[in-house]
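In what comes next, subunit A is part of two complexes: it sits with subunit B in the first one and with subunit C in the second one.
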Partner chain A sequence: MEIEKKLIKKASLEKLFEKLQAKGNKIFAPVSKDGKTEFQYNPSYAEVTYDHIQTTQSLKNTVFPKIENLIRFKTDRSGVEVTEVDLTQVQSLVLWGVHPCDAAGFNALKSIFMWDYKDEYFNSRLQKIAVIGLSCHKSDDNCFCTSVGLNPGGTQGCDILLTKLSSGDFLAEIITEKGKAIVTEASELFETAPSETKEGNLAQVNQQFSHEKVTKNLAGAFEHPFWVENSLRCIGCGACAFVCPACACFDIQDETKGKNGKRLRCWDSCGFGLFTIHTSGHNPREVQSQRWRQRILHKFSYMPERNESLGCIGCGRCSRACPVDMNILEQLVSLEKL
Partner chain B sequence: MEVEKITEEAPEVKTFRLKFKNPEDAEKFEFKAGQFGEYSVMGEGESTFCIASAPTRKGYIECTFRKAGRVTGALANLEEGETIGFRGPYGNVFPIDEWKGKNLLYIAGGIALPPMRCVIWNTLDLRENYKDITIIYGARSVEDLVYKNELKEWEERPDVKLVTTVDPGGQTPDWKGEIGFVPTVLEKVAPSSKDTIAIVCGPPIMIKYTFPVLEKLGFTDETIYTTLENRMKCGFGKCGRCNVGKYFVCKDGPVFTLKQLKELPDEY
Partner chain C sequence: MESIRKKAKELLDSKQVQVIIGYENGTSNKVRAAFITDPTQVDRLIYDERCTQNLAVYLVKHEVKHLGKMGIVATIPVMRTINMLISEEQVKPENVVVLGIGEDGKLLDFPDLTVMESFLQKAKIEITAKDKEAMEKLKKMTTQEKFDYWSNALETCFKCYACRSSCPLCYCTRCAVECNQPQWIPVQANKNGNYEWHMLRAMHLAGRCVSCGDCGRACPLDIPVHLLTMHMAEESKRLFGVDSGFSMKMESVLSNYKLDDKDNFIQ
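And now, the complex of A and B:
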């Protein structure tokens, strides 16, 4: 559908939030506390922040939980009884104040979970989220959305995108039918679009590399000394993968208590040493440089080719989270010149 | 699935014959030689093995595994009549229709005979479609040879040439087969590469030394097939483990030609 523009005043935005909450919607919105911003379930409107640069954790947990229950089972002498998880029970969720990079992150995940076989666990959650985006008016040195084809006011993945205007009111862009439904139900809060455009109210994030060039260079870079040189610091902690909105590698493990058990899908990381180890002890990626290479190649070479999506949205979380200051942006800038 | 029959193949190696508990599942289930599945003991987790029986043998599937880790350890403790979980089939297949009218040369080492057994039986059951069938199989010792009864059957069949070998020192006093490593024995047997497809499966070291021998015998990269085994969790191209470069062993494999292998980065 064509994007529709409206104005929502600062005071009306609070009313929209409360209206959504009053209708029984669960809301997940960013809250700043002790200098750290994280998404929280059902905060009060006063707690919600519009001034943060980036939350530490991404939003992938909402569609790809850190631990997902795949099946339940019960074992005893008479045999095994398996119960499927009822995915119709997945609750709808409004994601509020989502930066454009994070909203685009859902598309990257979608490209993994839906590229051939449709993952019902993922899909049932994805269907139930409504994304109310918030353009970025601030950024930091780790942000590089414009280098991966996105921008601080991008609408990709959003149902509605809000942009804070100079007056403190918000421009609302209504992007999808889901977004339109929200606006229709609260039409009294929306006014005619202002003449002020969003472009003047966005953070300045300069493009630092061409991702097409990086992808092209990676095609012949498998044996390049770059990987060893640039991963010597890596301690394989996996923090980058856990905070990444587009990382979707997982493990499948069983957990039991007495006769009852669950089969769980849990976040995993290609950076972990045991990730690819065979039962025989043979490990195709036995050293950290091979695992770092896999991370970059997966996101910038394999995914564009196999999943038709980059595996990176330029949010910079991995660089901020890295305990040894590995900086993905610096590395991608180097890879462009390789 | 129900564990219908357990066969002890070699020390710590067992074959399970599995039957679907639900007749509807049995009715719906179809697979082709080369595909694999995820086998599980509830509470212990899942393990990846190929389906070791042939699709021409209806009504059951078989898997052969060595007790090595948590899941295979739990599987090894099961008795006949107990239940295991199965997901599958996954992966690509051996293109046996394309091989019609050709000679087939199977080369396997150790516990790598099971992934090849499905296609061996599949082609033996459709014997009239193929010309000469040769099987070269080696293990560390006589004790480690799997499918001993079937080896005997293949040996007795006039339409199969079977060569078995054990590593030097692995023989018993009454061992009548070859003594030596698979690549050496292959060189000695020297099968013709004319109109022949070679299917190789074994430990990486065996494969590494077998390919040059095949090349010397005149086999081209397109006529040599192997099946890869990388660690897997999901089986359908999402969990991120089994990829070799941009290819997923679980989706694009496990069956690859040597030509395809040469295009892959060294990551398997």
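And now, the complex of A and C:
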């Protein structure tokens, strides 16, 4: 559908939030506390922030939970009894104040979970979310959305995108049918679109590298000394992967208690030493530099090639979270020049 | 800073070491670990109050060890860690040269590790004022309050294991959390699973932790997990009278058995 533009006054935005809540919608919105911002379930409107640069954790938990219960099972002498999880019970969820990079992050996940095999757990959660985006008016030196084809006012992945205007009111761009349904149900809160455009109200994020050039360079860089030189300080934790909106690797484990058990899908990270270890003890990615290389190659070489999507949205979360300053932007800038 | 660079250059030039592990400027006003193998690069080395990462974690990292004999810029907690790693036979004393940094931030001259050992025996060990305050606050809580505090604080943990990876003394190639036949602790990163993981980690570091605080610094979710291991360090001092990392021949308080143990319940 064609993007429709409207104005929503500051006071009306609060009313929209409360109206959605009153209708029984679960809302997931950013809240700042002790200098950190995280998305939180059902905060009061007064707690919601519009001023943060980025939350520590991404939104992927809403469609790809850190633990997904796949099946339940029970064993006895006659065999195994399996109970499927009822996915029709997945609750609908409104994601409020989502930055454009994060909204686009759902597409990166979709390119993996809906690629050859259509993952029903992921899909049933994805169907239930509505994304109310918020353009960025601030950025920091870890942000690089414009280098991966996105921008601080991008509509990709949003149902509605809000942009704060100079007056303090918001421009609302209605992008999808889902977005239109939200607006229709609260039409009294929306007014005729203002003449002020969003462009003047966005953060300035300069492009720092060409991702096409990085992808091209990676094709011949598998054995390059770059990887060892630039990952000696990597300690092999999963912080980067777990805060990443596009990292989708998981590990399936059974957890049993007596004769009952659950099959769980848990987040995993290619940075972990155990990620590729074989039963024989052989590990094709024996050392950390090979694991760091995998992280970059997956996002900037394998995914564009196989999934037609980059595995990175330029949110900078991994660089902010890394305890040893493995800054992905710095490395991508170097890889462009390799 | 100049003295560190000078010493580093001297060690590299004379081929006494093949790599210097120190600190350099990183991105966004952060500092990070530097691995200098070329003597002309020593000017990258810096030292200031931001340099708190426990660099001893790299002494047991395969690709760093592979570079050859290591020189390491080491503050007091790092030096104590080195003693622990030597005691636990993870680092060979002949493979390490320590560029010690005293409480005043100045370079210490250690002709060999025994000099470092005697320095440490006299050195003051301090945790930060902020950590001290947090520990005091926890101590005043009732058991139930403590349980609630930790259940809540640990609930957000997503088991990225940055606490484990940043810790030089968490060097097991196969951690108990990854043993699933049988399962030792719950897989799930939820209240229960997280609680068990962090308790296991604290217990495994009891009497070994040098209170460097790097696990808490590393946590991307700012969970103060270092307070758990710091508390265990205090407890082992109280119960066994030992501070970890004061010599190269530390005996592990929780895995040693002596016929003449001072406590008779064990005899």
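Quick notes on this one:
Everything that follows uses one rule, which is that the second predicted complex is superposed on the first by the 338 of 338 C-alpha atoms of A that agree within 3 Å, B and C clash if a C-alpha of one lies under 4 Å from a C-alpha of the other, contacts with A are read in each partner's own complex, and residues count from 1 in each chain.
Quick note on the criterion: a contact is a pair of C-beta atoms (placed from the backbone, for glycine too) under 8 Å apart; a residue touches a chain by one contact, two chains touch by 3 or more.
Since we're looking at a predicted model, the values are computed, not measured.
When the shared chain is aligned, subunit B and subunit C each come close enough to touch A:Q253.
Using the contact criterion defined above for the overlaid structures, shared-chain residue A:R285 touches subunit B, although it does not reach subunit C. In the superposition on chain A, contact of A:G238 is made with subunit C only, not with subunit B. By the touch criterion stated above, A:N327 is placed in contact with subunit C alone, subunit B being left untouched. When the two complexes are overlaid on their common chain A, residue A:E305 makes contact with subunit B while staying clear of subunit C. Within the superposed three-chain model, A:T75 lies in touch with subunit B and out of touch with subunit C [touch as defined at top].
Legend: residue contacts after superposition of the two complexes on their common chain; A:W115 is shown touching subunit B, with no touch to subunit C. Overlaid on A, the two complexes show subunit B and subunit C touching the same residues of subunit A, namely 253, 256.
Those residues of subunit A whose C-beta lies close enough to touch subunit C in the complex are 34, 36, 56-57, 66-67, 140-142, 228, 232-233, 235-239, 241-243, 253, 255-256, 264, 266-267, 269, 272-274, 286-289, 319, 321-325, 327, 329-330. The residues of subunit B lying in touch with subunit A in their complex are 40, 42-46, 68-69, 72, 83, 85, 203-204, 229-231, 233-234, 236-246, 251, 265, 267-268.
If you check the complex, the residues on subunit A that touch subunit B are 73, 75, 79-80, 82, 112-113, 115-117, 119, 222-223, 248-254, 256, 261, 263, 268, 270, 275-280, 282, 284-285, 290, 294, 297-298, 301-302, 305-306.
On the side of subunit C, the complex with subunit A involves touching residues 26-28, 30-35, 53, 57-58, 61-64, 158-162, 164-166, 173-174, 178, 180, 183, 186-190, 214, 217-222.
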